[in-house]
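All chains are identified by letter, namely A, B, C and D, in their written order; residue positions are counted from 1 within each chain.
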Amino acid sequence: MIKAGIIGATAYTSLELIKILLRHPEIDLSYLGIRREGGFKISDIFPVLTNRLDMHCSRMDKDDVPIGVDMAFVTLPPVIAMQYVPALLNAGIRVVDLSADYRFQDKSIYEKWYKAKHTDPSNLDNATYGLPEIFREKIKKADLVANPGCYPTSAIIGLAPLISNGYIQTDDIIIDAKSGISGSGREPKEGTQYCERNENIEAYNVGVHRHTPEIKNILSLIGKSDTNVYFTPHLIPMNRGILCTTYVKTRKKSSGKEIIAIYNDYYSKEPFVRVKKDDKLPGTKDVVGTNFCEIAIRVVDERVIILSTIDNLIKGAAGQAVQNMNIMYGFEETLGLLY
Amino acid sequence: MIKAGIIGATAYTSLELIKILLRHPEIDLSYLGIRREGGFKISDIFPVLTNRLDMHCSRMDKDDVPIGVDMAFVTLPPVIAMQYVPALLNAGIRVVDLSADYRFQDKSIYEKWYKAKHTDPSNLDNATYGLPEIFREKIKKADLVANPGCYPTSAIIGLAPLISNGYIQTDDIIIDAKSGISGSGREPKEGTQYCERNENIEAYNVGVHRHTPEIKNILSLIGKSDTNVYFTPHLIPMNRGILCTTYVKTRKKSSGKEIIAIYNDYYSKEPFVRVKKDDKLPGTKDVVGTNFCEIAIRVVDERVIILSTIDNLIKGAAGQAVQNMNIMYGFEETLGLLY
Amino acid sequence: MIKAGIIGATAYTSLELIKILLRHPEIDLSYLGIRREGGFKISDIFPVLTNRLDMHCSRMDKDDVPIGVDMAFVTLPPVIAMQYVPALLNAGIRVVDLSADYRFQDKSIYEKWYKAKHTDPSNLDNATYGLPEIFREKIKKADLVANPGCYPTSAIIGLAPLISNGYIQTDDIIIDAKSGISGSGREPKEGTQYCERNENIEAYNVGVHRHTPEIKNILSLIGKSDTNVYFTPHLIPMNRGILCTTYVKTRKKSSGKEIIAIYNDYYSKEPFVRVKKDDKLPGTKDVVGTNFCEIAIRVVDERVIILSTIDNLIKGAAGQAVQNMNIMYGFEETLGLLY
Amino acid sequence: MIKAGIIGATAYTSLELIKILLRHPEIDLSYLGIRREGGFKISDIFPVLTNRLDMHCSRMDKDDVPIGVDMAFVTLPPVIAMQYVPALLNAGIRVVDLSADYRFQDKSIYEKWYKAKHTDPSNLDNATYGLPEIFREKIKKADLVANPGCYPTSAIIGLAPLISNGYIQTDDIIIDAKSGISGSGREPKEGTQYCERNENIEAYNVGVHRHTPEIKNILSLIGKSDTNVYFTPHLIPMNRGILCTTYVKTRKKSSGKEIIAIYNDYYSKEPFVRVKKDDKLPGTKDVVGTNFCEIAIRVVDERVIILSTIDNLIKGAAGQAVQNMNIMYGFEETLGLLY
């Protein structure tokens, strides 16, 4: 049994992590850290956990190291996470960090988009981007995994098969993304009030969302060439789920059949990617509550349109974090994630 | 043309008031007052008003009197409203106050439930409770109308026909109320975040909601005897609408037909009350966006079950306020309210 | 390993059953029966199951017996279910029936409310009402369990502690219930169209809902005296979840503390009942996706108000069915149900 | 006063038409036609109209002509509408047709996409496409107006300023559209059941939606050159509203300021188009219930991203139909539409 801790225990993502870890046969969830005054039980914050996990949350400073913990999921916000991670790594605790702080090997990109100085640049080289479908081999050996953002997970899994073999033009990829509201976190804000979001759809951060450089960066790595994306996120009235509708152009004309064959081939061994069959299109309701990503492809005139869906809190966060941990520890990759 | 002002212009209720007043043929909406720093346009707060009403909001202190205004809708919170109303009345401005501050003639009830000293007791005698179906004659002559709460409007209209003629037992009335989220106001709170309310139903303030004494009080006046109510409000995932399911016992056994006849008779001349026909039950979607209250009655064994629906922001607030104003000024009662 | 089948595999309830059974360590889900033409895979109906359970559905006539199956969950509609159950029992297959067909020992009540002749009266005596909190001992030995309705589950668990010890008056119990839309099933109907239900709340079948006699019946058994209930169900705009707000009168005046102590005591060993602490009230979001029932109690003047919540598809159907199966086979009662 | 009829009175669109016409000072709504057996009142279908319009619906065959009607709104489905329109026109009744049957001057396009022979080709030349912002002068003189589709209204108003002056490349326009569910009509379908659409987003008819040729066609007319669009509609969980996110490339590099100036200029006199200011983006909640279209523009790298919102039932159907009628009869264009 691996002893695991969660640092940043009161985030929506942490609730999903807890639910997964409680059913994981190889994990003993033994620590819940928070930044502020503790003393309360996690089930006070998330009543759904009552009688399931009534563990107390412990206040933790950035240099604190939870005792007896083998690995930690860090669910702190960006900029804060990198203040806590170094002490954990120094103490030999393996880390899956769900913030953006270790997703960019080039810290200048991070610093530009997150408007903060990177305070732990030395660990950037040790960090692996935790998208198992692409970086599984590196994750196996990693002590620090940078868990991908929710939008990047959905967008990159949708594009990887066509990018990796140079099939498409990479200077003009359009990703039109739609997300449920839980992606905005638990903090009360005017913009996430019920009456502001219900019966409403709105784009936000058009062209300036922080996931833009993350997507560009990883696609460039996969395709081994500079990639430019136009990324437009929208908030829609539902709790969970992301749909990316992605528009690309192939280098040479291809039929839908050929392209679907590429996807089926590329993902044939992936436990959490499902390429839709026949004329089916993916709806978020068929992935919400699961760690799956579903994909459909349509060829229309000169363009390929890719539809990819995930649960932003599972495959886009907590589920993928556990998938990464399973890989890091050599467990069956689906352990705790098929339910 | 009557020159009207709204004091407390940035509330959800005020937006509905503005929309109604813009189409009211006898009203010139000429003033928007707010408590804090002004300088912005109301359409900055409510973009739906862009090009419809781009009027600036004016900062207003409690002794300020807007110049040239004939009547004012006060949409300030309780306790605050009564600080602003006296100066208005002194300046000869007629007032429809949408707070609770003038709803109780007995200030001790108010002070107990609102946990504040009443600072304008002398005007309580001048105030009329603004439920037109019951107090129309008094409203005609009033300079200060206390616009009813949303729950009381729905509950009292549902009960009045049976209370007024001593038909039912009044010591054990059960009102189970369900409301959309807009009743909670625009202020960001954890409890009104989208992900907390969506896919969720929850009771709140069971037995201690401030609308309890208001309902008791008015029912006692209508029935001319002490009345006790058990009032349980619930929040359900929709923007607008209230349904009250009310359980009473008649003093002597009556058929559904007899009771429906009482309702049809009682409300036969009311422009905004609709008693459902045949086997129809009211759904909030059929009153949302209107000033109507819909009612159905069922007799089951020893009990009468009353279902009454309103739009909490219209008949439960802004629409009723305009209905009151129409009555105060001798306008057609439905003016501006049938759309 | 027990080999289990589901008969009526395309219901919403069956999807939940499948999801639970797939993670149940003692169950091998080996058969999916349907009434109409088969040939398709269950994952064609429920795409969420793709790669998880791509089993074919088998057409089944009422006398058919699936080969090699030890126990069956029957999720057919009422009146249909009792046509299939006898052959199963005759073949030695233990049955958890989720229809209403075996919930009434007195077939005249069933025939009155379900407007159909009971075609399998001889098995009524063999059937046990499958509410584990009340009938656990009988369920252990049962070959035929009548799984309770969703509303009765929520209402009865809320009332049992006060009914069982004669604490309350039983002739005038008011149950005001609110349910998500999934309770209405998968069949397309005008009344369950998105635009009819969204932003809407409506009561239905007031005083005539078929769950009324079921609740009365079981409460009378528990309290050993005739019980009358006024049951008013409402549909609210969410997928899943039931909240019952129940109004009763105690025989002698009691404080909230005393009554909560009764509940805590009564349910102290129940794995799936949680009595809320302090001033907390239950929201459906904290039980949806789980097999828990949450309860809070308030004493207001002369009345006790009970709030009880469940997930209508889990504790109100599929989860409770598995809980019953666990009891029937002597498994840990929570097996497959804590996730 | 113009006497108006609605033919196809039970559609969602017709309810909106009725609500608008009831407040229109120049219109006497005097006829409600339906295809099937009549005899019921429109308020039986739409209870919200009770006491507002309790008019009976009249059964109408395709050659019937309602007596005394000056103009008719036809809200019948495509292919059906063109069976009813000729008799109306022959009787001198001016028609606003909300189906697709008169939107294409080239009937071969219609026949290909609507999979039906056009049965009234002779009236195609007389029909004017009813988008006032583009074809106002023609609408003034038209006896037959083909009211635009909801998606085309939103998309074309978003694109017209850049198309009309040759500013953008027209061979590769991407329109990613999101719509509320009411666009799917009132007919019960599995795909529009509450539980299928709630908490779900899904694309549909990717590349093959019938509004594709309509958008292409009108854009080609406006831009006087062949235009190709990639149009992807999505259904999102809300009743009303459309947001189009449109991606285009300018022929020469332009700043956001320049492009916004083009929009402000192009729409400076339009009563129902609002170009958002500063950093604001349009949300559907700010146009739902109104006849407005709101637009924002962002320039990102090589692309211009256009966000345009409407209420699909108002500006996308009933409101625009009344706007067209106002133009046809020389009324103030906003009459009945500012509320």
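The rule is short, and it goes like this: a contact is a pair of C-beta atoms (placed from the backbone, for glycine too) under 8 Å apart; a residue touches a chain by one contact, two chains touch by 3 or more.
If you want to know which protein each chain is, UniProt gives these names: A, B, C, D = N-acetyl-gamma-glutamyl-phosphate reductase.
It should be emphasised that the depicted structure is a prediction, and the values quoted were computed from it without experimental measurement.
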| item | value |
| --- | --- |
| Most remote chain, CA-based centroid, reference being chain B | A |
| A-B, A-D or C-D - pair sharing over half of the B-C contact pairs | A-D |
| Gap in Å, rounded to a whole number, between the CA centres of chain D and chain C | 46 |
| Whole-Å separation of chain centres (CA-atom averages), chain B against chain D | 37 |
| Sites on chain B at which at least two other chains make contact | 196, 198-199, 237-239, 282-283, 285 |
| Touching residues (chain side chain C, partner chain D) in the complex | 12, 181-182, 186, 188-190, 192-199, 237-239 |
| In the complex, chain D residues that touch chain A | 172, 174, 176, 178, 180, 196, 198-204, 206-207, 228, 230, 232, 234, 236-241, 243, 245, 247, 281-285, 288, 298, 300-303, 305, 307 |
| Touching residues (chain side chain B, partner chain D) in the complex | 19, 22-23, 46-48, 50-52, 199, 274, 276, 280, 282-283, 285-287, 289-290, 292, 294, 338-339 |
